[in-house]
Amino acid sequence: MINSGNIAFYLVSTFLLTFGLMAVTTRKIFRAAIWLLFSLIGVASLYFLMDLQFLAAVQIIVYIGGIVVLIIFSIFLTQHSGEDLPKALVSRKIISMVMCVLGLGLIGKVLVENKFEASKVVFDSELKTIGNKMLSIGPDGYALQFELVSILLLAAMIGCIVIALKKSPEQS
Amino acid sequence: MNNVPLIHILFVSTALFFIGVYGFFTRRNLITMLMSVELILNSVNINFVAFNKYLHPENHDGLFFSFFIIAIAAAEAAVAIAIIINLYRSHRSIDVEDANELKL
Amino acid sequence: MTILVLILLLPFLSFVVSGIWGRSHLKNLSGSIGTTSIFAAFIISCQTAYQYFFIDGMIAGKYVAQFPVNFHWLQFTPDLSINIGMMIDPISVMMLLVVTFISLMVHIYSLGYMKGEERYATYYSFLSLFTFSMLGLVVATNIFQTYIFWELVGVSSFLLIGFYYNKPSAVAASKKAFIVTRFADLGFLAGILILSYYSGSLDFKEIISRYTDLSSPHLQSAITASFMGASALTWGLVLVFVGGAGKSAMFPLHVWLPDAMEGPTPVSALIHAATMVVAGVFLVARLFPIFAISCPAALHLVAVVGIFSSAFAALIACTQTDIKRVLAYSTMSQIGFMMFALGVSKYGSESGLGYMASMFHLFTHAIFKALLFLCAGSVIHFVHSNEMKDMGGLNKLMPITHLAFLLGCLAIAGIPPFAGFFSKEEILTAAFEHDKLIYYVAIITAGLTSFYMFRLFFSIFYSKKSFSEKINHHSEGTFTMLLPQIILAIGSILAGFIPFGNYISSDGWVLENHIDWNFSILPISLSSIGILIAGFFFYKKSDRPENISLQLGALYSLVKNKLYIDEVYEFVTKKLIFRFIARPAAWIDRNLIDGSINTIGKATQVFSLTTSLWQSGKVQAYSIWFLVGTLGVLLMSLHFLQII
Amino acid sequence: MNLNLLIIFPLLTCLILLFVKDNKTIKSIALGGAVLQLIFSILLFVQYRIQIAHSSSKMIFESNTTWFSTLNINYHIGVDGISVAMILLTAFVVLAGVLVSWKVEKMTKEFFFLLTLLSAGAYGFFISLDLFSMFFFLEVAVIPKYLLIGIWGSGKKEYSANKLALMLMGGSALVLVGILGLYYYSSSKVYGFDLMSLSTQMIPLDKQLIYFPFLFVGFGVFTAIFPFHTWVPDGHSSAPTAASMFLAGISMKLGGYGCLRVATFIMPEAAHYYSPYIVILSTIAILYGAFATMMQKDLKYMNAYSSVSHCGFVLLGIGMLTPASINGAVLQMISHGLMTALFFAAIGMIYERAHTRNVNELGGLLKVMPFIGTIFILAGLCSLGLPGLSGFVAEMTVFIGSWARPEKLYRIATILSCASIVVTAVYILRATGSTLMGPIKNNSFSSLSDAKWNENFASVLLLAGILILGMAPFVVNDLIAPATNNIMLNILRISNGI
Amino acid sequence: MTEALNYIFLLRSEVMLILIMVVLLIMKVADNGKSNGFWVGAINSMLIVNCIVGWLPLQEGILFGGVYKSFALGTFGKNILNSGVLLISLVSTQWLRNCRHVVEFYLLLLSSLLGMFFMISSGNLLLFYLALELSTIPIAALANFSFEERRSSEAAMKLILSSAFASSILLMGISFLYGAGGTINFEILTVIMNNSPLMIMGFVLIFVGIIFKLSVVPFHLWTADVYEGSPIPVTIFLSVISKGAMVFVFAFLLYHVFGALSNSWYFLLYYLSMITMLTGNIFALRQNNLKRLLAFSSITQVGYILVGISGSSVEGLSSAVYFVIVYLFSNIAAFGVIAQVANKSGSEDIFALRGLAKSNPFLAWTMAIALFSLAGIPPTAGFFGKIFLLKAGAGKGDIFLIVFASLNMIVALAYYLRIIKAMFMEDSETELPKISTGLSFQVAAYICLAGIILTGFSGWLLTYIGELGLGL
């Protein structure tokens, strides 16, 4: 059944996989970051295609606006421009390749053999529902998790600051 | 895209997963390894969302999982980058092969 | 408990007292303590003998055994136990007398002989220990009791031979004596195990009655069970005899006896001439009914071993130059007489003559051999040497010793009317009736005996005249040394006239003694010829003996070196056992068994080191392993559930 | 009679030791504790004799406390004749051990602490009627030994200590497998470690055949079963005197006791099945140990190898499964415990003075140290089975018991084992000959002193035990015979066709 | 109101931790140059309060509609971990006094602990995952706390990357499980768990993600490196608290949520426990670095725990929990001594311990007893712990596993004895000076020693744990 939605899906898929692959193979680190960015955008588009606009937005804001930027900053911090990334060991490449193919095969086989029966219920992707659930403390609520993540982010922040903090002159 | 078989979406996510894994295994630069982790997490996100939307639309667990994974990914990336920067300070390199004093 | 217990207890107490306090407090008293206690034991023995032989021993014309003391010492199973007790029967009473008497003599003699010795107290405590053990052996009611005291006798012999422990040769001799007899005891032990297993008892009384009653199931099972062609009973008896042969220095287990002469001479007199070495004869005599009635084959072996040892030892004795060694071989030879006398005997009445003769000879031999040793001791004490060549012409210097020695020699040579004549005559008679071949070998041996004894006698007391002037500053010996010699010399004259058959016989019935003078002519003349030849060669110093020995050449040196039997033993133990069993065992233990256990340890270490590459320190490699593990676990569990 | 006191006394002693500083006081306290133990053991013996006279139960002074209720593990204690005998042995050896260690100056507190702890372990083992607590006490004793050897030992002590600890640990690992197996297969209804109730159950034969070897070999390692005996020579020879005494005197007996009380008692059918193998192994150990001893130059090695040989008799007696042989095995345990402790004490005294244990370097010591020399000779004579000393009684009982098995294999094994008495004589005489007799090899020896009061006392104590057992074996035999009878009843159930 | 109180009561462990963290933050913000000593003292006293509050009654209940569950065994476990953290804090006082960011150190430590608490109490996979991350990420930061040490940042890097990878696998598993079951709620999952391939795959990937944290072979490779490189308090925390919490969760998940798959995980545990024990031992044998050695030893201990858990019975559960307690005391004592010695001599090598028995007998004996406990030598509690684990494992009737485990105890003893040997039988060229350990260390050491000795004999403890465990 070919329709525009389907075609879009396959295109997006190809897009994100291709850029993903490029991101992990290119020897220019800056390019790798850009290809990653594209790949993540691909994922975000996939969410759009699934009618999950809010998730797509989060994906773009957090990933593209946050993480990738962070990565690029750290590349600036640690990398001398123009240098190629060091080559991986050939043996490791081969082994990794084999393992990945094996894993893909194994998981793929299980997935293929599994009969998925799509549910007829319509997925409620209303922002309101999501928002309600996010802060509900009932059985379907995620308030506790939400709080937990906030603590986690706090802890991560403290950790980052302490670690990345340059030594103050008196202590060095 | 409601007609796309679920298995195709899953295949895409699994493939992305192993692309990430491959990168994680072969990239010697720590930052690129971190990028690979992001790819892996994204593939998992796709999984969750796809399962939620196609198989279990009556709840939002998968969706929320994705939200939280994104948050965690951010936190993890932040801490990892802090560590990498610290490592860079002491090793003057972020090649993972250079950081193997601890072994045997 | 009767007063009899004192016979055992007194020497034991003497041993304990002088053993513990001898070194510190009773240094000089211990001799008197020992002598007194043995004297008391001797008196009680005499009283016992009188009581037994003349008052209550005989019931309806037959001597029966009494058991004044008997108690369970160690219970193995409800019906198998070691009992310790005292059995009073003719031979044990006779042995009590012999042991206490000779021991008393030796104790007295040692008062002078060992005077001034540093370990004087130790000596007496060992002597008491020996006497105690020997007495315990002879009164044993139980074959295991015999074994117990047998071992104790062995160890006290060991202690006494090695008394001069600073002398390496003495230490070696004591070790040799102990180990050889221990080896023989192994046979004894195995014999006990066999005999007791089939008879179901360890008591002499039970064993004998069960094995001599032809209808008893015990005997039947012991005869039917067979191993390597011989019945269990034969095996048992032969093995017991092996034990006896070891202690009695029968061929081929005799090698320890000549070396044992390293001990103090009184000890040789007591242990290695009169008492301990006849324990083997005693043991066979103790079990004689079984030998004679149920297992003649074993008895025949006893005879063969006895006569062979006898002749063999006599031959060697002719070539030895150490006077104690000559006496040692003569002891061996005489014990051979006793053994084959038993061997040619049968059970009951007249045909049991050999048994009586053997016991008779044991009795007389104890007296005259002790005499000879004590005299030899005096001689050695006098010249400070054991070698014949250092002696000669002592007849004037040591007149009493000279006379006593002469009497002893005459007794052993079997010249009437001395003690040895009577007992030897009975033996020869028994042999003549039973087996002509044994008889002829025996009389030739008797002739040889008189030859080597007089060779000894002449070499010591005559031969080189010149010697006599050199030493005359000390006397022949103290009174305590002379007294036993005199008593024993008198004993050697008189002992033969005891009507032995009246008291001791194979079955307890009285047996008539008889001397057939016609029969005696041949042995007496052979002995006399022996004396004459000895006189011819050795009365005066000459080179005749040397010429003869040169003419005999290799044969002579073969005999002089005791047929190289010691060397054979040496070879077997040192070369074979040490080199091919003990050393490999030790080597295997250190290298193979311990080595393999160490190898396990080392291999683990090596394994540990070789696997270290796994922990490569590379986080990507770790992750690959992680994935490998994940996929592996996944595969495994899917496979386990038969999904893949 | 509260058996717990047997453990509490040593532990209290340990506790007090912790708070004492002065070396002299430490020794006195350790000595006092050991004396107390001995008195208590003798009291126990007397009480036991009184109690057993009018009691039909197998175990006396029993007490049973829940320990881990969910796992059905109880602290079950009680004694029978064998245990009482072993407890007495322990008390003797420990007291002697404390006495001969009087000169220890290095880390004195730790030394006596460990020694006392060891004795607590041994007592606990002997009174335990629950496999768990038995195993517990078995292992308690391993590490103190390791430390005693490693810290206060001589020669290649670390190596030896390591080997000992690892091999004994291996043994107890096997035991552990065995008791866990018994736990689960004891009964379909109630799991438990209780020795007495396990012994009354019929464990299926196929399970017995699996678990018996674990238990027997596991305990066997402690008692130097061939070929797992190699810790013995190294361990014994490197250990300080008291530890050698304890090791050979008591520790090796733990194994024999375990083989008898646990393996054979609970699984008699399997014991019958494996009997030929046990007999073969122990015969090898007896002869092979004896021959290996002949080649040893170090006195301690010599005694250690001879221990291998002598402990072979214990296993032989157990393997033969006849009343007399088992009795003999127990007697041999006691006898060997006393004798070898005495031997090690004498060797220790010689070593302390002459600073060598090599027989080729020693000589003529009897002259300078007559007391020690006499002790040495007596121990040697006991070892070679001289009547009147304990070794004879034990070995003969084993022989008589073994001979009662008429099968050819057993007969040959018995005869071969008997033959070891000759070999024993050879090496014992060789050792005494070259150590004590002959001329004094080294001039420095002539100034050596004889035993001091503590050594005198220790030797006399052990010697008294040897003599009592040797001259009046009925005292001990009457004690252990009813207990072996109980074990025999279990063994005989197979022939009664159950 | 009562409901709110109920919430606070059931959440009291977590609330307490958050309170402490908030107080710390406020104090830090208002800080005017307080010394580290002050901070350590203040925090220690707060931790003591925390420990006491944990033991209040009222343990069971469900909050947030099943997302958070408070159950008796879990609360017990949390209390154990609380005490463990307090002990760690006490034994590493000296290190903490010299630490540059002591408040941050505690904040991170406590947030990680908070994560573990939530993990224990989690009622669904999402909370579980989040709590897992909360417990991991701060530790990665903590591992980097020896800022000057290259090895510290390397350890942190290895930890964060490995655990990121592991948690991705775990997430993959969760997604599959969610796909197959349509729920992330444990209670529902328990009911619908079945042997369908997708379920199995989900289960296996989750299983792998968790045993990564437990450092089961072959997922253990990060362990030794991270333990060695991290500062000692972090190493103790990782090896004791983190592992202990993981054992609680692991047992809970296996017994409860994946109970229906017990055949399949028994089979996995059977092999994994064997290679874990073996590898841990074999690798430990060659180590000279004490932290590394103990890292491998802790891998071995996990192998034993797996043996116990594989028994799949209440006994298995309670013996595993019991063992965690024993292990906690033993490991804290051992690492504490290493910390003291390393602090003085600057070396964490086995050679640094030479002659310790002479110079510092107290430290040497503490170490020795701790090691004996780890080796499972009576009368220490380690003996009981190990025996109970093996006994639980033997319940399945597989003798080979038990033989294998028992034989491994010998190898383990070999390397523990190496340390003992160094302390007691070897002399060092440079005699260690007498180390003044400080009061807090001594208190902690005595507590640990008492725990090591007494835990073993306390049958009631095992019974108590067993009763708590019946609720599962």
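Think of it as A, B, C, D and E in the order they're written, each chain with its own count starting at 1.
One rule holds for everything that comes next: a contact is a pair of C-beta atoms (placed from the backbone, for glycine too) under 8 Å apart; a residue touches a chain by one contact, two chains touch by 3 or more.
All figures in this text were calculated on a predicted structure; none of them were measured in a lab.
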Chain C reached from chain A - shortest hop count over touching chains: 1
Fewest touching-chain hops separating chain C from chain E: 1
Other chains in touch with both chain B and chain E: A, C
Per-chain CA centroid nearest to the all-protein CA mean: D
Relative to chain E, chain with the most remote C-alpha centre: C
Reference chain A; chain at largest CA-centroid distance: C
Between A-B and B-C, the pair joined by more C-beta contacts: A-B
Chain D and chain E: spacing of chain centres that average the CA atoms, whole Å: 42
Distance between the centres, which are taken as Cα means, of chain D and chain C, whole angstrom: 36
Approximate Å spacing (C-alpha centroids) for the pair chain B, chain D: 65
Rounded Å distance, chain A centre to chain E centre (Cα mean): 31
Junction residues of chain B, two or more chains touched: 20-21, 24-26, 28, 33-34, 52, 55-56, 58-59, 64, 68, 72, 75-76, 79, 82-84, 86, 96-97, 99-104
Interface hub residues of chain E, defined as touching at least two other chains: 126, 130, 133, 137, 140-141, 144, 147, 156-158, 161, 165, 179, 197, 201, 224-225, 286, 414
Of all residues in chain C, the ones touching two or more other chains: 601, 612, 615, 617, 619-621, 623-624, 627-628, 630, 634, 638, 643
Listing of all chain pairs that touch each other, if any do: A-B, A-C, A-E, B-C, B-E, C-D, C-E, D-E
Footprint of chain C on chain D - complex, ascending: 163, 166-167, 227-230, 233-234, 288, 291-292, 294-296, 305, 323-324, 327, 364, 366-367, 370, 381, 384-388, 392-393, 396-397, 399-401, 403-404, 406, 414-415, 418-419, 421-422, 425-426, 429-430, 433, 436-439, 473-474, 477, 481
Chain B to chain C touching residues, read off their complex: 21, 24-26, 28, 33, 96-97, 99-104
Sites on chain E touched by chain B in the complex: 124, 126, 129-130, 133, 137, 140-141, 144, 147-151, 153-158, 160-161, 164-165, 168, 171-172, 174-176, 178-179, 182-184, 224-226, 228-229, 286
Chain E-touching residues of chain B, taken from the complex the two chains share: 17, 20, 24, 30, 33-34, 37, 40-41, 43-44, 47-48, 51-52, 55-56, 58-59, 61-62, 64-65, 68-69, 72, 75-76, 79-80, 82-84, 86-87, 89-91, 96, 99-104
Chain E - residues contacting chain C, complex: 157-158, 161-162, 165-166, 169, 195, 197, 200-201, 203-205, 207-208, 212, 218-219, 221-222, 224-225, 263-264, 267-268, 271-272, 279, 282-283, 285-286, 411, 414
